[in-house]
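In what follows, chain A forms one complex with chain B and a second complex with chain C.
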Partner chain A sequence: MSTATVQATAFEAEFDRFAKLTADTAPAWLRTMRHEAFEQFRAQGIPGPKHEEWLYTNLTPLARTALPLAPRPGEVPTSLAAHRFTLGVETGPRLVFLNGRFEPTLSSTSGLPDGVVLIHGAALRDEEHAELRKELGTVADTSVHPFAALNTAFLNDGFVLRVPAGVVVDEPVQTLFLHTPTGQPVAVHPRILVVAEENSQVTFVERYGINCIGALAGGTCFTNAVTEYVLGQSARVKAVRIQHEGTSTYHVGLTAVRQARDSHFDAVTLSLGGAIDRNEFSIDIDGEGAECNLAGLYVLNRNEHVDNHTVVRHNVPHGRSSQLFKGVLAGKSHGAFTGRVIVAKHAQKTIAEQANHTLLLSDGAVAETRPQLEIYADDVQCTHGATIGRLDEEALYYLRARAIDPGTARNMLVHAFASEVTEAAGSPQLVEGLERLIASRLERPSEDPDGTTSAFRGESPA
Partner chain B sequence: MSNDSDPLHNPLLSIREVHASAGGKAILKGLSLEVGPGEVHAIMGPNGSGKSTLARVLTGNENAEVTSGEVLYKGQDLFGLAPEERAREGLFLAFQYPVEIPGIANSTLLREGLNAMREHRGEPELDAIDFLEIAKAKADVLEMEPTMLSRAVNHGFSGGEKKRNEVLQMLVLEPTLAILDETDSGLDIDALQVVAKGVNALRDKGRSFIVITHYQRLLDYIVPDFVHVLANGRIVRSGDKDLALELEAKGYAWLEEGASA
Partner chain C sequence: MNTPNPMTPAERPAPIDKIALNPEIDDLNQQDYKWGFVTDIEQDSLPPGLNEDTVRFISAKKKEPEWLLEWRLKAFRHWLTMTEPTWALVDYPAIDYQAVSYFAAPKSDADKPQSLDEVDPELLATYEKLGIPLAERAALAGVAVDAVFDSVSVATTFKSKLGELGIVFCSFSEAVQEHPELVRKYLGSVVPQKDNFFAALNSAVFSDGSFVYIPKGVRCPMELSTYFRINAANTGQFERTLIVAEEGSHVSYLEGCTAPMRDENQLHAAVVELVALDDATIKYSTVQNWYPGDKNGVGGIYNFVTKRGACRGARSKISWTQVETGSAITWKYPSCVLQGDDSVGEFYSVALTNNWQQADTGTKMIHIGKNTRSTIISKGISAGHGQQTYRGSVRMLKGADGARNYSQCDSLLMGDQCGAHTFPYIDVKNPTAHLEHEASTSRIGEDQIFYLNQRGLSTEDAVNLIVNGFCKEVFRELPMEFAVEAQKLLSVSLEGAVG
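Moving on to the complex of A and B:
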């Protein structure tokens, strides 16, 4: 273990407790997988701020806090207000997890075409379903991602979505992971595997939220999510990831993707506030002609912190990738972006672009950007660019000269800045849903207990 | 047409001895001007004479700092109003250099603006469909494709498209006093005629215009009631439309000499 990490003793007792508790329901394969993963986690420890990959985010306080798995919530809501949790797409498959547990009463698998497999919980653990989950754990590298190792160690109620060859799933498959705050520090480790077989097509939405509005109960939630995507030849996957668990949450998410020839992976990720949000993408372009487009937006206030971290590995020739991450930072928030593109020696004709743009709405906000291009091939087009700026005063004046009040004008400009990212979601319905979320983030004071929403609209940017 | 002969007449705009600076440099040096309802005033003058600073002072642009003097608009102190409040009171500036705003649709800007004005007047908000109907009809007057409405504000527009877009905004917002800041600059004769058509469509007894221009040619199409020459921060000569012709023939030098004397 390097000195840049901290030993996570607090998790050891919790892991033992979890192993005993689930001894009866966990088959041998799962017990083995968990133990190996926990050993990997123990070997790596919790990365500290001197760790090269974790310069901007310090999660070492987790090492000292016992974080038991979140209990089943005492009360299950009878419905989820549709407009808040379905992004305006009212129909179609929806899977809801409360405190990490699948909640059948709030979920529906309607709208899934024949042949699409969706298994979770006991069915996922079943020895008989080995073939359906065969890619589980093969994309996220637990030997270098300590939190992915921790996630695997606590794997219990994850799920697998498998789209067979040639099948097009029209409606987005939406998942929702909700914390019900209990006042105690708790952890959840959501785990997802999405397999899009050859020439199939699917839109997958992951959403992490809090099951209450307004001021949150005390306590720190720790969400440690791992999502693996496997794209077969010519498969097309649109992935939407939304994190708005609020300021009492530490969120670590890893999206690990493996792409075969000519496949397309388009992701849109929104970070709408959390105490700490580490949002990581790890992409392997393993087939020629494959394309990956990552678009991210983070809108932060107060002391919120987001660390977007991407690694795109071009392992073969003729791949294409783009990354566009945009931040809107108010209050004393902190937004970091580290984007790495690795082009292997033989990955000629790779086209890779990367951009990170930040809008600072206050003097106290801090933006950091670290593009890293590692190019070993000699016939490639790779570009990166970064800007950090304030709202365009001339544009603001222009809008005011057209009778628009300054608050609305600022909001319009922030939305305009953000729209490049939300539009990447493609379908008008999803785009609209995402824009509504951003609007409520910028405008709704009820979700801003400190009443500092005005930081986004304030008269003075200072 | 003359103000003096009408004792009941109140000017729409009354600029009194205004001094203003930009970037620390004195630009307007005691400018006075009255504009009555329904009048079209052309302001001509060489570069650097203060034409654009005048437009900025009237519309509340922070890049122009008023050091003394006052402006009454509809009888109230104009400098006491924020830019958006002036706009809601019917003051409109067609920008010399319209600002590009990627990500905001033309129609969004226009609808927000129009609804802000309607709210100010106590009128109900227009919904997207009613608004689009109005906007499309106005675009038609200017021979603009309706698709211009869904494009981002001025983003990637040609110079002529930008100017035409300013006039479209003017037609939609229906101001009481419109200031056109070199709206003709860079336009070919066809575009110039279209712009003039837009302005003339709006002319009526209650609506006034201040047309800032370098060239007499625009005034063949938008015929002014008064022509003023601005030089060295003051109006040095006023006349009717014939003054513009005289300026075209003789240039400004003879007036500038008079101004500094």
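Moving on to the complex of A and C:
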């Protein structure tokens, strides 16, 4: 272990407890997988702020906090039962997880075409489903991602979506991860595997938290999510990831993707606040002609902290990738972006773009960005760009001159700034759904659980 | 011998273990030996090794005042506690700091080649290509010639002219003797002894370097160049440069030259400090073409440099321009600390890595004052097995209202074995600051070469033309003569990289 990391002693006891508790239900393969992963986690420790990959985010406090797994929820809160959990897309499968466990009363699997496999919990652990989960753990590299190792160590209620060759899933598959308040710090380790076989198409939505539901506020939580995507030849996947768990949550998320020839992976990620939100993408372009587009938006206030971290590895020729991350920072929030494009020696004809733009709306906000290119092939076109600044005075003046009040004018400009990212979600309903989420974040701060006035509300930054 | 005041035993720092264990030295201590070390003061060079005695020896050899010795020792003691940085994307065998000789007097004439006939013909061929005047070749190749193309007289003429204006331009050792108050005031004020591993090493054992002082309101009438102090001895591997520009003054300083320099030392760790007060401007241009190692990557200079300028005064300006084509390993980040309001920092760089060269270079712009501005233009060319990294940091601190930065880092790749990497670190803490960064990596378009081929240019000429165009933004910042030489230098350095 390097000096840049700390030993995560608090997790040791919890892991032993967990291993004992699930000794009966866990098959041998799972027990082995968990133990190996925990060893890897132990070897890596929790990265501290001196770790080059974790410069901007300090999670070492986790090392000292005992974080038991979130308990099985009792009664489903009525506020939840009444909620539709849609992003403007009313039909289609919806899967709700409470405290990391699948909640059938809130979920619906209607609208899935024949042949699409959706398994979770006990079914996933079952020996007879070995073939369906064979890619589990093969994409997220637990030897370099300590939190992915930790996630694997606590793997119990995983979730697998498998779209067979040639199948097109029209409706987005939506998942939602919620915590019920427990009054004490807890941890959940959601684990997802999405396999899109040859020529298949699917849109997959992951949502963590809904801040507008007051019943769910309170209680510190550590969410440590790992999502693996495997794309077969010419498969097309749209992935939407929304993190909205609120300011009492530490969220660490890894999206690991492996792409075969001519596949397309398009991701949109929204970070709408959290005490600490580390949002990591690890993409391996393993097939020629594959394309990957990542778009991210973070809208932050108060002391919120978001660290977007991407690595796109072009391992073969003729790949294409683009990254666009945008930040809107108010209050004393902190937005960081580290993006790395690695072009391997023989990955000629690669085209890679990377951009990070940040708007600073207040005095206390801090933006950090590290767009990085690491290139070992010569016949490539790789660019990156980064800007940090405030709203254009002239644009504001133009709107003011048309009798638009400063708050509205500012919001209009922020919307315009953000829309480039939300539009990447593709389907108009989904785009609209995302825009509504952002609008509520910008314009209706009363729905924030903390209820504090927001700097987005138009009062001009000092 | 004019020696500074020796220390009394009470003042002398506690001897390190090694000394205490050595009875011989204990004896010397009892005799109140002036310098507290065993080595004969008259000897010309030190055997390899580094300890406090080495530092004391160097200091004594240079007849330095006590405060400077203390300053060096402080640096040395801190250096002992530091570890060599490993974050740079360069790969080299571990350096044994005890195997390096830290002081060597210039070679005597008898050891040098006696005429150009004895010099490596390949080196001469390069001089030919660069168009270096015959008379200068001998000097550059280290041939023992007495009157080196009149450099002595040229230098003397310059010196008297500069002296009239109150400008001080001399070697660092001279400055320590003649202007100790200035040296003491500014030395280490920009790059403290503890700044980093290599700066600490340099602070402990620096051999010599240049010192420039421009008085208030004076505009230096000529480009100051180390070239004119060529005889100011083998400035050595641990060079220390300090330039102070008083209020309203202006100076342009040139370092290095395009011709490949013969150099015996593999390890170089230089420190350059610039101080610009109110309304002062310092322009610092470097052409570095040290031995890059042979075609197989054997040998070559390790160049670990700390360069930093402080824009202390309002409206001051520091501009770095560098053309880096030599050295096997380059680790260099000329920086500007923009403290004064409305101060300006600039960094223009062309770096070329061919064969097995590795360079991790870039800049740091730290915006502290209001309305500070910085510009970064970095052009990297990588060929052969060269690996090149742009690593730059732009920080805008809380008080830097209205600060602006524009950065552009372009890399050109030639050949499928080389690499080009870009690692910017950007950190903004003020909402009124404005920052833009762009970078691109690509290779020379086949259609561009085809177009030039069609018009009768050979592929090599076509590549040179394109590369020069690629670097134009930087070359135009160089003083005229340098710019012309730099263009030639690039084409020579790229030889064999095409086709």
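What we mean here is this: the second predicted complex is superposed on the first by the 436 of 462 C-alpha atoms of A that agree within 3 Å, B and C clash if a C-alpha of one lies under 4 Å from a C-alpha of the other, contacts with A are read in each partner's own complex, and residues count from 1 in each chain.
What we mean here is this: contacts are C-beta pairs under 8 Å (C-beta built on N, C-alpha and C of every residue); 3 or more make two chains touch, one makes a residue touch a chain.
Predicted model, so just to flag it, every value in this text is computed and none were measured.
Using the contact criterion defined above for the overlaid structures, shared-chain residue A:12 touches neither chain B nor chain C, since it reaches no partner.
When the two structures are aligned on the shared chain, A:384 is found in touch with chain C, with no touch to chain B.
After overlaying the two complexes on the shared chain, residue contacts for A:404 are found with chain B alone; chain C is out of touch.
In the superposed model, A:141 makes contact with neither chain B nor chain C. After overlaying the two complexes on the shared chain, residue contacts for A:288 are found with neither chain B nor chain C.
For the contact definition in use here, the chain B contact set and the chain C contact set of chain A share no residue. The touching residues of chain A, when paired with chain C in their complex, are 52, 345-346, 348, 358, 360-363, 365-390, 461. Contacts from chain C toward chain A in the complex involve residues 87, 411, 413-443.
Within the complex formed with chain A, the chain B residues making contact are 59-62, 82-84, 87-88, 92-93, 95, 98-99, 101-104, 108-110, 112-114, 116-117, 120, 152-153, 169, 173. Looking at the complex, you find that chain A touches chain B at residues 392-395, 397-406, 408-409, 412-413, 415-420.
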